[in-house]
Amino acid sequence: MDDLEIDAVAEADVEEPVLIEGLPGVGHVGTLAAEHLVEELDAETTLVRRLYSREFPPQVSVEEGVAELTCAKLHAISPEAGRDMLVLTGDHQAQSNAGHYALTEAFLDVAEEFDVSEIYALGGVPTGELIEEYDVIGAVSDADLREELEELGVEFREDEPAGGIVGVSGLLLGLGGRRGFDAACLMGETSGYLVDPKSARAILELLEDRLDLEVGYDSLDERAEEMEEVIGKIQEMEQQQQSMELPSDDDLRYIG
Amino acid sequence: MDDLEIDAVAEADVEEPVLIEGLPGVGHVGTLAAEHLVEELDAETTLVRRLYSREFPPQVSVEEGVAELTCAKLHAISPEAGRDMLVLTGDHQAQSNAGHYALTEAFLDVAEEFDVSEIYALGGVPTGELIEEYDVIGAVSDADLREELEELGVEFREDEPAGGIVGVSGLLLGLGGRRGFDAACLMGETSGYLVDPKSARAILELLEDRLDLEVGYDSLDERAEEMEEVIGKIQEMEQQQQSMELPSDDDLRYIG
Amino acid sequence: MDDLEIDAVAEADVEEPVLIEGLPGVGHVGTLAAEHLVEELDAETTLVRRLYSREFPPQVSVEEGVAELTCAKLHAISPEAGRDMLVLTGDHQAQSNAGHYALTEAFLDVAEEFDVSEIYALGGVPTGELIEEYDVIGAVSDADLREELEELGVEFREDEPAGGIVGVSGLLLGLGGRRGFDAACLMGETSGYLVDPKSARAILELLEDRLDLEVGYDSLDERAEEMEEVIGKIQEMEQQQQSMELPSDDDLRYIG
Amino acid sequence: MDDLEIDAVAEADVEEPVLIEGLPGVGHVGTLAAEHLVEELDAETTLVRRLYSREFPPQVSVEEGVAELTCAKLHAISPEAGRDMLVLTGDHQAQSNAGHYALTEAFLDVAEEFDVSEIYALGGVPTGELIEEYDVIGAVSDADLREELEELGVEFREDEPAGGIVGVSGLLLGLGGRRGFDAACLMGETSGYLVDPKSARAILELLEDRLDLEVGYDSLDERAEEMEEVIGKIQEMEQQQQSMELPSDDDLRYIG
């Protein structure tokens, strides 16, 4: 295998699709959102590419005894209603600084191959506290995109996200913008302590509007309810301990 | 030296051998098993290749004052009974993520050179507790292999190993599978705290069946008895301390 | 994007400019000084080059919702009085050892393109205590430069800086010297605990003399006053605690 | 600068010289020994090569204000009595695993250029306790060398050094041996806590015999006396504390 290899698993007839990226990150928000699209629109979805790279961790996942080499997957979706999509999912980010650049360039190459001109990188932005109302923060490769997304309800704030955007999501804007893509990052607010299906739903509702999609949320809401129960139990335990402090990172991080 | 160099130490007349990998890992199970094969079948074994790589740690081992550069070794075995084998041993894994990919590709290149079509990666899977009955967990590159191995007694479990398989063993399945090899990983259950010759024997007995080999176990059983004594002493000390907890990692890790 | 790419944003008519480097470092002294030059001489400044590299962290900064890929910037300044300058600024250092070499070589390539023969790397040297009088310590690529800079008031001390000079500033001397540039590093003394505009001013005053510049300091003095207030409050708090110890690193590091 | 560059500073008429390596390591033993040779035989020594590499830390050392880029230096020595030598010194080891391989190959290339066939890598082997009698442990690239060195008093022990030999010293044996050099590592026993001129002298006395050299030890003995004083003071302080334990690593490491 070369440093990076792309397997053409199948071809699909998508027309000027948008690229939607949901690799792992804060609260698994981007992953939950992207995988929900793939599952909900299963009948209209084709797995078209697998991307293997030495920048991914050197490992296989094992399901029912059968090993699968770590990769990123590109799913082509032609929904009955709305824009065609390429959805990028995977279990891992790159393992080195230069690797993020290399993978992002590869993703952009595939995007060009499929005539993509518009990119949505999905993720979470940690607030450090449990969320009541799920705002979605935006960042764009080009100032012109900002107004269109603001009209949909995406929030643009002066100094957020404070430390910039790191990893593939950030580079899709930075490198994508340099190549002439219209790229936006949609970041659902999330505590940062828990896998957050509600934050994922907040992003997807905006995408539905933007891309004229129709998406059901039953499975995502179910996971959200499961998480509510977890949170409820934790809060109960806390009250029993007569303490109103937030659960510590150690107790809560990525229970899901 | 280039990034990776292969010295042809000798040639050997092996017929459609299987590749058996036993690089260092959990409980040294894979190493113990692979080295036991080489020692037991010494008379029918030829060291055929040494693989040097900048991915190995920059060091030499010293025995009786003579230095040997860190390498992996490939032994060709033509046993009186059973399938011919290529056995891969070494003191080190690669030291970087990309290095695991590079070394595995090199091992597969050599496997192709020797007409290998079947690969067994040997290792241990940590359970966190002392083992009574030594099960062997399997993972395969292709679902078809699963049934054949299940018949031999290899266990396939829904979610094991939980975190996938990391390093050369995992990549032999992932990269080997992509190249068309039939690859299986055989992982002996082991506490994870101790060098485990019994776990190694459990794997070898399955391999004996699979490859129609005849292997003696005297030396491995001796090491197992030595380990039993170590465990016995630890348990005695613990009882004296009137404590039934498992010995801590610090006390027990890789005593051997 | 290749490992390193240079975007020619604009051209500028600078004559035998000196290169002034102010990448992040101790007390942000170099950054403050270089950015102050760019802001004060805004009307005579043109952004001429952006340098992108896989050695920079894989991230974008976001301002008002618009993302900018991490880069270093080269500003051409043709001031009314004094020497023409190329000023190098950026938010990040390279993220690996080899990266510092690669970036420095790229900066020197651009310097050659603009006919630079003289380089000033600006930075801070930590003293571990609050500074009363802001001395500037020098280091040069060639002994001949030393006397000229000593006459301006730059101090050269036998064993300072003790650990040598690390990163781009150091390599501009080391690699620049090998290529035949006259390179000097001007390091303002600074506590190391705080962003230090006064240390930046001390360097700039020496550069004014050296390059016959005229620079105003109002904005830098304002930041210095803000820092004074911060320091004052901390000292007050300390006195209230009846303690005369220096504030700890955790309390003070890079408040700005 | 390329990844690795060699500046030919001067040429020298050395005849079949031996290569002596003394890069930094345990107790600075190798460095002290190699630099002592260069200083003692100053009149017969020529600096012939500087080796620069991106594998060295990205920094310059500064002496009297003048910067010098991190490098390794090769000194040619044609002593009045004894074998010609190439002595390799430097302030740093490589900063990555692969870097040790790359630098060692470069050193061997230069050795070949100068018709070297015999290599002595000098270093220290830590014992964890203050040394009374300074033995020198050996390791060789080829078993034939062992007897010759044993006759000189070099000790070869079954399992020492326990963890093998890491870094350039080890690879000079490993890679050097593969290229056909006769390479030996001479490791002076040393506590590991202190810079150890006595251990360096023990090695040099063996080299004197081996290469028919005549070396004075006044300056090395002076440093040894200084170290004795340091040790004496520490032991005094310890006795005052009515404690006979060894000084801790933190107190003593590399006082020199």
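A, B, C and D label the chains in the order they appear, each numbered from 1.
Throughout what follows, a residue touches a chain if its C-beta (ideal position, glycine included) is under 8 Å from a C-beta of that chain, and two chains touch if they have at least 3 such contacts.
Since the model is a prediction, treat every value here as computed from it, not as a measurement.
Any chain that touches subunit B and also touches subunit D would be listed here, but there is none. Of all chains, the one whose Cα centroid sits at the greatest distance from that of subunit C is B.
Shared numbers divided by all numbers used gives the overlap of an interface; between subunit A and subunit C this overlap falls below half, so the copies present different residues.
Averaged C-alpha coordinates put the centre of subunit B at 54 Å from the centre of subunit C.
Centroid to centroid, with C-alpha atoms defining each point, subunit C and subunit D lie 38 Å apart.
Across the whole structure, chains are in contact as follows: A-B, A-C, B-D, C-D. Across the complex, subunit A meets subunit B through its residues 1, 3, 52, 54-70, 95-96. Of all residues in subunit D, only 94, 97-98, 100-102, 104-105, 138-143, 146, 156-158, 160-161, 163-168, 170-171, 173-175, 177-178, 185 touch subunit B in the complex they form.
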